[in-house]
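Going by the order they are written in, the chains are A, B, C, D and E; count residues from 1 in each one.
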Amino acid sequence: MNYFVKGNPDLCIGCRTCMIGCVVAHEGKHIFEIDPDSYTFNPKLHMVKTAKLSVPVQCKHCENPACMAVCPVGAISRKGNAVVIDTDKCMGCKSCMDACPFGAINMVPVAGSSQADGSEKVVANKCDLCSGIPSGPACVRVCPTAALTLVTEEELDSAMEKKRQEAARTAYREMYPQK
Amino acid sequence: MALKQVQTTCPYCGAGCQIMFTVDADANKIVEAVPADGRTNAGTLCLKGHYGWDYLNDPQILTKRLRKPMIRKGGKKSPLEEVSWEEAISYVAAKLTEIKEKFGPDSIMGTGSARGAGNEANYLMQKFMRACIGTNNVDHCARI
Amino acid sequence: MIVAIDQNLCTGCRECAEVCPAYAIVGEQGQPQTIDVSKCVMCGQCVQKCKSYVSILTHGKDAYEKVKKERKIPDCVQEPLFAAHAVCNIDKVKAAIADPEKFTIVQCAPAVRVAVAEEFGADLGSLTPGKLAAALRAVGFDRIYDTNFPADVTIMEEGTELVKRVTEGGKLPMFTSCCPAWVKFMENNYPEFKDNLSSAKSPQQIGGAIFKTYGAQLENLDGSRIYSVSVMPCTCKEFECERPEMKDSGYRDVDVAITTRDLAWLIKDKQVDWDALEETEFDQPLGVYTGAGTIFGVTGGVMEAAIRTGYELITGQPIPDVEVTAVRGTEGFRTSVLKVGDLDLKVGVVTGLKNVVPVLEAVKNGTLDLHFIEVMTCPEGCVSGGGQPKLLMDLDREEAFAARREATFVHDRELPVRKSHESPAIKKVYEEFLEEPGSHIAHHLLHTEYCIG
Amino acid sequence: MKKEIGSFVVGDSTKCTGCKACELACFTVHSRKENPVGKTVGTVTVPVTPRLYLTKFEGGCMPIQCKHCEDAPCLNACTKKAITRIDHQVIVDQEKCIGCKDCMQACPFGAIALLPVSKGGKVVAQVSGETRVYASKCDLCQGIEGGPACVRVCPHQALRLVDPEAEREEKNIRAAEALLLTKNWR
Amino acid sequence: MSMGIPEIEDAGCLLCFGYNGADSHPIVARRIVRGRQKGMKIICADPRVTETARISDIHLQLKGGSNLALVNAMANVIWTEGLADTQFIEEHTKGYDEFLKVIEKYTPEYAEPITHIPAEEIRKAARMYATTKPAMILYGMGVCQFTQAVDVVKGLANLALMTGNFGGPSMGIGPVRGQNNVQGACDMGALPNSYPGYQNVTDPAVREKFEKAWGVPLSDKVGCPITHVPHRVLHEEDESKRIHAYYIFGEDPAQSDPDLAEVREALDKCDFVVMQDIYMNKTGLYADVILPATAWGENEGVYTCADRGFQRFRKLIEPEGDLKPDWQIIAEISTAMGYPMNYKNTEEIWDELIDLCPSFKGATYEKIEKYGCVQWPCRDKSLEDKGTPYLHKNGVFATADHKALFYGTDWHPPLELENDQYPMTLSTVREVGHYSVRTMTGNCRTLRNLEDEPGWVQMNTEDCRRMGFVKGELVKILSKRGYCITRCLPTDRVKPGATYMTYQWWIGACNELTTAKLDPISNTPEYKYCACRVEKIEDQEWAERHVMELYDDIRAQMGIDTGKGAKA
């Protein structure tokens, strides 16, 4: 089962530290020394603010990923506990962007690359669970209110188990209220 | 490469968060900033705390660091010319003294700074305005 | 078959099955469809709907020419050809024109003059009767007559029949019989209404019968030398003229019926430059017509024409307002009650064959009591017929039908005579030939018995 | 927001019946630029050259057309530089195309076909007399009033114009609201 | 702040009045969110749906400019429903009866049409605040930046006094000071009316002490507040009062003061302007002399954070260029003018000043180093005195008789109301990713990439639909005083007719529009309320280019090669 990071609207205060953390983790610390327009600032999670809530939204690393199913060049695959995009294969056809019901994929230019007409290559961009980056998902680490949590298979399973036991207990209490 | 750890207070909002910096003394540059266990921030930082320090290497995105004292010698609209500290200090001292004698101490206004300067600089500024210039005309942006 | 579906072109989308009013198209979704001949009324709505064209990609570069030859379509035609198509009889017409022995008479339906120009790039619903007549002359017909004239005759016959049924307690309600697809539908599904059908033939057949008799006299030729061609907005007219009983003139009343689209092909085949044509008149005396005749092309038009004359037949007074707007409109079924003297004439108009079934059921179980019901198979009368110029995009349907309908009413308003019985040509044909409506000769030539087959 | 990436039309084989109204409409609105094509079939004197292609497959059928890729293989493959991006949409210049077929091979969707060029109501011939062809692909009805004709005429709403960026923001909101329901997941 | 920041999360109830923690102090917002998780009740009074409002139990979405009406109405409910802590009022306060006379007419029904909040909601909020102990009030610029700021601060204090919410932890009333050392600058006496340690300049005894310490006679006249400077330069007749020299240190009035057009004119007309700063900025364009100082990270000293905590800040890297620390520049100028100031380091200055201020006396460098943070008052130098987490312990107030004074007054509307020519209202708000005038964060690469010129104007989605604006479209926003161009951000978090802008943008500079009308006592401008109008820009291409050109012009004036275009 894939892992995923999810935001808790009750804790999130909409400050977007996670979005910068994500870019720093993927582009590396040298971005604090180079020209800010020389790399692509492409957070892989997106802050959503409505009257009711503020929370970042990112890829849920589905088990039957709709994006992987529609990719015509097989650029999307499972790697470890995450669903990742190989941006070398990707040609920006946006099928995955259309297929994803969460809007977790956007299109970003690849700095320094160029197409035949001189414009920058543009490819699909989504959360890769910081695969290959030490200390795990940066967004979870930098969030000041711990609104982001990494949900692993084990945690999800144990949570389900706990809920089922609780359900059993309540069923039991219906029969024997005093116990 | 000699790395040293320095804990300091964030220069931005009033929460007074403590940040632990890793500094490369030889290259005289900051390597990393991580949250420290401060009384108010307890090991967390916001985006300005985490990522608000790389202005120090003067990327000139918005504007640039002032490096040398400058005076507009040709009057109001004339260009700024770089001068030595001695010249600048004496020029300012002379001008302020001249205006103080001509119009009195209350015709000079000074400001403190609620930002990076620190308490000691603010103390000296108000002491300078009160003791040296002789006026209480000192204020800062707490009011705006 | 008059209307057929090409098995190799049909993608099985069944859009035609949805519009077919007789539920005559069968086949699985995605498989080539077939027409159940026993149910098909050849109205051609499937031909208007089908978009599955001969594609270079799917059927190959030379498939187009092959299909064109199969369907005997003139070589100069380059327009897209579709799976659902109607038969093309242009070769028969060309042969007849070329044959010195045959005296070719052509008659043109009311709805053709408001649509044929569209095939030459004119705006939808361009009214071009003058150019139409000129084009028919240029193509080489010997006599250019107009179906609007027999339409006026139909009004005389059918109007009289209606008055007789109403005043002498004949079988009611009386249904119009000028739409051959409706007649075929009734024969297939409601033969019990046989006697409710007006015995009058359709204007095409009345015209055909007159041209081969009275017309022949005028040309002092023998009827056998006349080759009668009709240009119709309808694919079913070809079926009607081949009906066994349509030979009261002693010969086939109408030898062949071609559609508006066929006519356009014929004009192009003869290299006639439509834009350069000078307007001319239809030939006399059987080409003169009234406003009542020309509005046959729209739904409610036959009813309005019949009332314009019927009113005077019953009250002896001219109708106060020649424009009987009460029966106009495009809804599938609408009724109204018209004060005709002291008679409250209850009339109904049906357009779109799917709307006639509930009406028939209502008449059967007595919940609907009307005197006279006009039935047209096509969505908005003959202007939207199966043989009319086919629209590339269905988005333009409403605009096309509305434009053609408006052009028909404009033509009606600009005509000097707007009631059939006031037409000089009608008076002349009755004086010289038909004596009076419902006379023996009129009954022999212009009326018939349906539901034989 | 400023339009950043290209829109595209996508079909839905669960709704498409395969009637080809879209192909005919696509050809009609595009051919009118250079040919006297009116509203009726009779006015057409040139071959039908659609820019989307009804495709049958075991699961049913649907039209296939260009996605206007942001890093378009066809654009990159076109050595003649006949394919450019105009207002975020990938457009083939009919005049420049020499029919080398590279773009057809580069496109993973098969969204490009070689079809005859027609002008002034006639097929355009080359010096050799053969018909001139060009890489025909969807241009999202750029410059045509009312937007993509295929979407407008489809009787079953089986074609959808996708504005990926606008839809992404709406989907984001729905996804965020779902997080309200899953926050007590453990 | 009377309480400490960590205490926020243990409060029973928080009345968050005109304060948006999420954008101003994310770490304070963290405490609010944790408090919420621990079951803290939240009442949020704010015209917008802020993050705090979003998770609040009661959101009093009041009409801008109606603060005092709401505060008085809440007081009215607490009094009429007998929820007041009469024992606390008896022992620790004065002036309760006169106060009651003022708020008598402020029934919730009276306040409803003014505040646009249903009377029942006001009752519910007042009851929740009065009956949930301990209850804490946090307020911010939403209270201070009005012409009735001081009255509303006193009004909020009344609520705390009425309900006995003083003297213990997680209660009291707290202005969450915005900037890192604004509390420090006030502590150090950079105020026209007070010496360091809030000792009043008009108090002869105090003045005498400082005259003795500094060896010179001192003026007893209260000085000129910063917001009076434009008037004192342009319209002051009395030559001895007209301001001829302006020594600006660590400030950027040409960006952060209201009615920038007037500020620019004043800077232009002022005979001699000195700017001592770390960055070239808009004020620098008008300065006659520029003195480059070391920036944070290149020097060290003490800051005072929002809850009165002295904390050290330390040098990280050596400064490049011919720079001096601020204190050294001031000392050298003073010495050059005949008043010698020679200090070896900041600690020497610190030791001098804490001995002059009784409430700071005990906060030596050594103690701050040891405990990391010392909240004043800390009166005893011994290490046992660790400072004061919260003030007014056991209800003992700093007045002569240790009793707090009630103060009631009537509400009056803001001074510039919307009219037919300017039908909407503008209020300034905070951008979480940038700080103050943005010369520091604007040069931080990732902060700039997250949010850059020309900023946003938040507007109600219905208004946007009516005016035909889509998200990100450049619009022109105008007031009587000026205009600027910015991007439209339609949001449901804002009520129709209201617009909100952040003030640190050079192009989307909302201070071109703000009014310079001041609170009579605090002289704070009414940033939170002025009349404005928003206009559509037809040619968006021109607008986008125009914004880029404006941005590059200003940067070129500041001597930067603008090859590197900003991502507008």
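One rule holds in what follows: a residue touches a chain if its C-beta (ideal position, glycine included) is under 8 Å from a C-beta of that chain, and two chains touch if they have at least 3 such contacts.
What you see is a predicted model; the values in this text were computed from it and never measured.
Asker: What chains touch chain C and also chain D?
Answerer: Joint contacts: the list comes back empty.
Asker: Treat touching chains as neighbours: how many steps, at the fewest, connect chain A to chain B?
Answerer: Minimum number of steps from chain A to chain B: 1.
Asker: Applying the contact rule given earlier, which two chains have the most C-beta pairs between them?
Answerer: If you count contacting C-beta pairs, the leading pair is B-E.
Asker: I'd like the Å distance between the centres of chain A and chain E, where a centre is the mean of that chain's Cα atoms.
Answerer: From the centre of chain A to the centre of chain E is 37 Å.
Asker: Based only on mean CA positions, could you tell me how far chain B sits from chain E in angstrom?
Answerer: Centre-to-centre distance between chain B and chain E: 19 Å.
Asker: Roughly how many whole angstrom separate the Cα centroids of chain A and chain C?
Answerer: That pair's centroid distance is 67 Å.
Asker: Rounded to the nearest whole Å, what is the centre-to-centre distance of chain C and chain E, using the mean of the C-alpha atoms as each centre?
Answerer: Comparing mean C-alpha positions, chain E is 86 Å from chain C.
Asker: If you look at chain B, which of its residues touch at least two other chains?
Answerer: Touching at least two other chains: 29-30, 41, 44-47, 51, 53-54, 59, 61.
Asker: What does chain E use to touch chain A in their complex?
Answerer: It is residues 21-23, 26-27, 29-30, 33-34, 36-37, 49, 51, 54-55, 432-433, 445-450, 491-493, 564-565, 567 of chain E that touch chain A.
Asker: How about chain B: which of its residues touch chain E in the complex?
Answerer: So the residues of chain B touching chain E come out as 6-18, 21, 23, 28-30, 38-42, 44-49, 51-56, 58-72, 76, 80, 85, 88-93, 95-97, 99, 102-144.
Asker: Can you tell me which positions in chain D touch chain C when the two form their complex?
Answerer: Touch residues, chain D against chain C: 17-21, 23-25, 28, 36-50, 53-54, 56, 60-61, 113, 115-116, 149, 152-153, 155.
Asker: Which of the residues in chain A end up touching chain D in this complex?
Answerer: Those residues of chain A that touch chain D are 6-10, 46, 48, 50, 52-53, 55, 57, 72-73, 90-95, 97-98, 100-107, 115-117, 119, 121-123, 151, 155-156, 158-159, 162.
Asker: In their complex, what parts of chain C are in touch with chain D?
Answerer: These residues of chain C touch chain D: 11-15, 29-30, 51-53, 55-58, 64, 78-80, 118-122, 124, 261, 264, 389-396, 400.
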